[in-house]
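First chain A sits with chain B, and in the next complex the same chain sits with chain C.
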Partner chain A sequence: MRRLLALALASLLLAPGRASGDESEEARLRARLKPELATPLIEVVRSAAAQGLPTAPLVARALEGASRQAGDAAILDAVRRYAAGLAAARRALGSTARAAELDAGAGALMAGVPEDSLASLKRARPSGSLVIPLVVLSDFVARGVPVANASNAVLAATRAGAADPALLRMRERIHERILRGEAPTGASREGLRELLMKTPGTSKERGSREPREKGRP
Partner chain B sequence: MNGDDRWDDDVRVAYQLPIEGEEQARNRAIRRLRSESVTRRRGMGAWWVDPDALRMPPALAAACVLAVLVIGAWSGAAWMATRGGRAPLLSIATLPSGSTAVTFVFRAPGATRVSLVGDFNGWDPDATPLARATTGEIWTAQIPLEHGLHAYAFVIDGRDWEPDPSAPLAPVATFGRRNSLLVVGEDQAL
Partner chain C sequence: MRRTSIRPLGMAGAIGLGLALAAWASTACAEDFAAGPEWLRVPIARGPVAATVGVDERRAWWGIDGTVPLGLGLPRTRTNVVGQSVLGLGMSIAGSARSDARDLRYTALIDRRSRLDGGWLGISTGGNDGQHAKLQLGAGLWRAFAPVEVEAGIVSGVVGASSREASHWKVVPDSLHSRDTTTFRDVDRSALSTTAQSAVRWHFGRMELTAIGGLTVGARTAPQRWAQASMHLQASKRMRVLAAFGQRPAASLAFEPAARPQTMLGIQVAPWASHEGGAPHVTVPVARQWRAELLDDGRTTVRLRCRHASRVELAADFTDWAPIAMTATGDDWWETSLTITPGLHQVQVRLDGGAWQVPPGLPRTSREFAGDAGVLVVN
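For the complex of A and B:
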């Protein structure tokens, strides 16, 4: 009973704070955008909030579009698609995923990474943060590594128990290889091989081939 | 002592007698040798291994060594410049308040104004100007950031939006160009 009372009290105390936070975001949108754009955007933001999705990335995307002088339709479309990406990321990563994980996951999904890959990453690291693996994955895709290769590289490294610093080092090495003129696919394969050779508990032979996803030959 | 032995002794004595003008003759021979041009081995390969191929005063040799060092240093600086500031440029420190101070460094040759935009300042190009470092090409700004994932970019002269060459890229270029990503407060920030 005491717990219920405490929860109710906490809810009462927190509710105005959340409301004021939303109002703050809406005020920022109204201050920077024309009313005909701000109004539908605020609807998208409210809808996301009602689903329990983080709204800060949506507001940030709208403000970025305004600063880059994008058209109203482009801004609204980008925010809507990002809201859909956040919802898909939560489906893939689970309801316990933190805001930063959903933000990173939404970006990866919008770049073409399948939801299955995000779910596999979650299974590979069920209790740890997935923000760095998702950021590394997104960076690979952005630099031209095919989505399947990028997903496999990050998934294999995560399954091998590679910590975040090791993933970041792998990213830097692959980036350097690409800058030196190597093909992104080969660069990611070699980067993964190097990481696996240095990760305790993995053999050199294991590092010489990419892991197979379920259902892949 | 028979006649043969005596003859041998005479020859030995004759060999040991000083020769008149020998000293002058030797000096003449040395002078002639020095004045003659030496026939070198032919070919570039021989030149490279000939110890007498190059002769120069010590001051000139020191000047040559110094020139090589200067050219090497200049070439190294030029090579670093072509890398576009790819060295790790983010400096991250935890503040007593619990937030994190992040120092952004950006190399922008020829720029007159550089600012930082990101989700932390509403993507406002006027909110976070970078200060020019003494070297002239390097611009820096330090700002406190909350933990989490941040997207950002640099704006050069109010027009050109550039990602951070040292940071991970955002996967999608929603409004034309990709942003950079920064994670603060995870096991390892980047």
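For the complex of A and C:
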């Protein structure tokens, strides 16, 4: 899995983001959805494509809602909100962000992570892919780590120069701690401390306390 | 017709106790819980045949019952039964120390269950505690809130009975004495009897406690409320101690050969018990490992390792969230190969028709409609 993720990361750095809707996506929407729902959805998808946003996540959201028998209004609302999330992710991550980064960023925003945290992550890793940090951040939030703690943990690890495999290992350690019964907050703090102690260029003293983003409580 | 004595007292208490236990249990974790009424899990819990001896309020009694499971999917014994419909054909014979009469009963039960709930449908004919049922139909539902489960069911059937009535009464005097020339005829008193019942069952280690109560309505009898508490203790792999306190009508026992209509104490021996300690445990499939491998042809093989599963499905954004069946490849591994475009993907798996879940080891993300999903990054 780690090898796959590493390979994926390399390819994602090279692969251009697909930022336009295509006819096959519209055809899939028309095939699976009622015309009265497919038509406004396609408008949202086309609008996103015109803005240079990735459209595949929007189509996936719509089909996800359809497969789980969600109501038309709920599907349309969810797709619109995710399109807004993609736009917000691009604002935070910059216009050069890849499609997968925007998708991961929108997912984090939907989970409650503020735009500021995404922008801070971008500043911490200006040239590298943020897919894995954002995936790890969303994972922490989904596992019950408070948003502020999750953001600080990922941001501190990224600022310390932790590579993606190290971030994934930290995620696994924190997950194990939570499964053992530790509180998510404490588990994330300990997981970060372990990572920082093993990351070259960071002192043990720095890793002994949870770093805080400037200007944040 | 022999009428079973029913004590109306106790049902309110049993129901109250059940509600309290259910409320308490609703906060408990339901992981790896052996679900379903014990009498439905007979072939799994204690093997296909069991012999029981005991004493009740009236007499000593014995019984032998056997069940042959015919899987409408996979064989029932020692396999996961979640999502499968299983037809169980049963036969039981019972007798008492003071009578040569034998109660012989045949049953056929269809049992279908998911991980934490299920239902059953049955048909039965034969005797039970002296009452002969021409035909009985039963159906029920159960739901588990580990370690407690709640069950509700209804059993309806024609209970056979006959009485002798004098058709001609006369005493004829002859030369020395009077002679009784009365003649009798058998009158069929068979009547429809319906029992609605509910039970709360509590699993505690090797012990299973049950509070069951109900209402029996018969065409020729007044409505009868009844309640009974029972305890099954797995003393060893092959032996169980059974105890019951309270009354329940024989008409409600059509599908539970080990149950008795009166307060009783008994021992059941199952020579072919299949589980160490005999604890009735349904194997619950659990996903343990996930792998994704890139193939030379550009497709990606996703593999999932899970024990005791008989059906594994995958749904993801790259399947347009339509479930696709994975193929068993041995050693508890299931796999499927798909063309997955590079990028970020969300994926879920489902075992034996249960809830969709995050594949083990994958980062988690919350989805608006699908719940939590695993994140897969593909080259």
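Operating definition for what follows: the second predicted complex is superposed on the first by the 195 of 217 C-alpha atoms of A that agree within 3 Å, B and C clash if a C-alpha of one lies under 4 Å from a C-alpha of the other, contacts with A are read in each partner's own complex, and residues count from 1 in each chain.
Here is the rule we go by: contacts are C-beta pairs under 8 Å (C-beta built on N, C-alpha and C of every residue); 3 or more make two chains touch, one makes a residue touch a chain.
The structure displayed is predicted, hence computed values, not measured ones.
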Is A:Gly65 touching the first partner chain B, the second partner chain C, both, or neither of them? both
Chain B versus chain C as contact partner of A:Ala142, first or second or both or neither: both
Applying the touch criterion given at the start, work out whether A:Ile132 contacts chain B, chain C, both or neither, answering first, second, both or neither. both
One more residue to check, A:Gly107. First (chain B), second (chain C), both or neither? both
In the overlay, answer first, second, both or neither for which of chain B and chain C A:Thr96 touches. neither
Once the structures are superposed on A, label A:Arg32 by its partner contacts, choosing first (chain B), second (chain C), both or neither. both
Residues of chain A that sit at the chain B interface in one complex and at the chain C interface in the other, please. 28, 32, 56-57, 60-61, 63-68, 70, 74, 78, 82, 99-100, 103-104, 107, 110-111, 131-132, 135-136, 138-139, 141-143, 168, 171
In the complex formed with chain C, which residues of chain A make contact? 1, 4-5, 7-12, 15, 18, 28, 32, 56-57, 60-61, 63-68, 70, 74-75, 78, 82, 99-100, 103-104, 107, 110-111, 131-132, 135-136, 138-139, 141-143, 168, 171-172
So in the complex, the part of chain A that touches chain B is made up of which residues? 28, 32, 56-57, 60-61, 63-68, 70, 74, 78, 82, 99-100, 103-104, 107-108, 110-111, 113, 129, 131-132, 135-139, 141-143, 163-165, 168, 171, 179
Which residues of chain B touch chain A once you look at their complex with the stated criterion? 86, 117, 119, 122-125, 147-149, 151, 161, 168-172, 174-176, 178-179, 181, 183, 186-188, 190
Provide the residue numbers of chain C that touch chain A in the complex, in ascending order. 290-294, 315, 317, 320-322, 341-344, 346, 361-370, 372, 375, 377-379
